[in-house]
């Protein structure tokens, strides 16, 4: 895993745009679901841009479409119309297996719950995404251990999720999200199930990823504190930015 | 405080989990079906063999022989036997009894390539129908005494190549016989036999002067002891006698027991499998419904009520499965199978005979499986901590 | 840790359910092995029958005897090396009537020439050949009845009534499974001399040893042609076919047992399939998460299939572990000793054990096909939705 470029920026929430690469480029995105005969326009003609190192929060009431937008950017779902370019790849026309490959190489995931497999230790959970690469088992272990070090959980490597607290589980999840060195980190309510202190720990970890490791982060959240950690906040309502 | 959780809750839960409910019920249905069918078959064997032979008839064999097939004695002994006390006389004053020569011939089963079965050919005396009133002609005519005509038991026709009404077949090389009639024998093993004149059989197989057995009709069942004593008294003669019904029961008990034994062994294994299947399903159901159960407890239903409720659910599931299995087994009543009776090497047709007692036993087994399979899951359900359950 | 070990570890998630499922599969495999061993043991005589022997019996009924003089004619047929004859005696132990065993009258010298699989020490062999009332007893039968070398035993005849005395001159074992170890063979002359004139000089059946196994069918035809115009016609076939046709009489029972053994496998698949399906339903979120990470539908399907195969394998292993003691030590010993002529060799044949193991894995696979397919087809976004 590379260290943060040649310039280690001090912990700062400001985005230095301009010379940074465009990681997310969404234009005219619409998404419609059909429930029987009913047509639901979940996203309407959205556009969004994000540069490397940005930390974006998506907020809005239930049904506003924020999770759908997140899913499309992450390559989990396809748009009905519009263009979506993430990390240089054109997602709109990709097949399911191509999207899977895209996600494996470019996206790290943090969900609210059910992130970790209960039958694997912390380290093995972090290794999971690496199973999709060609790396040998020794190398996979090394990288997993490094990632766990970054999130400060080295001494709990061999613990099973049931032996970890909620906050620790999320930290393991974050380690897993960075182990493949992805360009984009996608988080869906990462602090939703946590108490205040653990939530703050997670958020500061995310900020560290952004500033020290130049990760681009896009996060859906209800938590105002989380929104504060992010550099940019977009509010969605009924499928459009407010 | 409400005591019992309403049954409708259980019934609806069962319907909601259609897939696994059906799978478990099917397993139980299968077990009940197997048990019921094998009990029916065993009963059928006993009935077929048991209805063969009446307690008012006596059969005399060579001493030491374990069946008619291994028994031979001289014809001069026939009159001695017929003169024994207790033998009924017909309207002319002649004793109702006669010697029979029994042989087993190999014939090819219809529609198989050379698969052989052994069919019993019974050489009977002319007055045999008077002795065995349950035997009735149902098609064709009776064979003429002294000719090479034979009649076939109704289970015989159609089963063997070349053996059917109005067809001629060879008992042995150059000994052709013709089947002129079909008889019904009240479901007894006689229906699986071919009846010819006793002389035809004797001369075909070089048994002149010998018979396999003598059958007599007694004046009444109570006269048997006197008859037996006389027949067996002279050790030089070397004879033994049985009530006809006893004889057939004896030669079928091995086969009937064998079938029951196999049926029970199979049922035991199947039951264990079905109970394990039911337990797995119930455990999953309980796990899925922890929250509901917690809510029920919060509403005031006791642990015991929860336990009984889940147990009842399991029993309902098992009983429904059991009913299906029992009903399905009744359809086996239309099936007849032909198998070899071990003691006599002859192929006999048996049917599956339903019996209310057996059906009840099978259903009870279904219920028991429901209880045993569902007990531990039900116990687990009753141990739900409502607070933890509802927090999930 | 790799994909395969992940699938295996998932087996340990719900220990109770896995234990119950393994138990269910084990019981099914145990029953399967038991039933197939019953069939195998019953039919092994047909399977292992000598291919270089031809049996000849009366065409119409095995009860009718053939003239002993037929022997000399059969011997003339080219390709036939030895001919012997045998008559069913059908004796019973006077006090143990229900312990059925085979007792057969044979011509000792030609009998031993035709049945070369018999192993008997030379001294005993000589004794039996020279003693008219001698009996050659199979070692299982001797054990079952408690007979020792040198015992004078009395048997009750059923077809030939009366008490018959024999000397246990020799106890044999066999080097091939084509003959059982549970029969009693004695000198035909003893029988022939003791019965009335009507039944003298008769043989129940003939057995011929031929040089080339391939000639069996032809030799059988030639033998039958020899006696076609005689009063007592013959029916000949090689020993394998003879045993098979004998077994054919039990076909209803064998078919029923066969059917049941298949039904057991179906039950096993149901239990396994049900368990796997439940697991899949519960792990929808997890599968969604794995897909999000980039795992493909085929990976998800393989997890499910592998898990099923592992559970099947464990069940099969446990079932076999139970089968050996139950079948061989328990039931097997009992049957071999008490019903030795029906079940001469009751043991778990390697082929049956292998079949059971392969089936437990293969059927695990089959049972999991539908759940695996359904799991792989899950819509990623839907499966990520939080449940409850």
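A few remarks follow.
Each chain carries a letter (A, B and C) given by its place in the written order, and its residues are counted from 1.
The rule is short, and it goes like this: a contact is a pair of C-beta atoms (placed from the backbone, for glycine too) under 8 Å apart; a residue touches a chain by one contact, two chains touch by 3 or more.
All values derive from a computational prediction rather than experimental measurement.
The greatest centre-to-centre gap from subunit B, using C-alpha centroids, is found for A. The central chain here, found by comparing per-chain C-alpha centres with the mean of all protein C-alpha atoms, is C.
Once the centre of each chain is set as its mean CA position, subunit A and subunit B turn out to be 71 Å apart.
Computed centre separation for the pair subunit B/subunit C is 26 angstrom, with centres defined by C-alpha atoms.
In this assembly, the C-alpha centroid of subunit A lies 64 Å from the C-alpha centroid of subunit C. On the subunit B side of its complex with subunit C, the touching residues are 19-20, 23-24, 26-27, 30, 34, 62-66, 69-70, 103-106, 114-118, 170-173, 205-206, 209, 238, 262, 265-266, 269-270, 272-274, 276-277, 279-281, 283-284, 337-340, 345, 347, 392.
Residues 16-17, 20-21, 23-24, 27-28, 30-31, 34-35, 59-64, 90, 92, 156-159, 161-162, 198, 231, 233, 235, 245, 248-253, 256-257, 260, 263-264, 267-268, 270-271, 273-275, 277-278, 388 of subunit C touch subunit B in their complex. Subunit A meets subunit C in the complex at residues 71, 74, 76-77, 96-97, 100-105, 109, 111-115, 117-120, 124, 127-129, 131-132, 137, 188.
The part of subunit C that touches subunit A in the complex is made up of residues 1-3, 6, 9-10, 12-13, 285-286, 289-297, 380-381, 384, 386.
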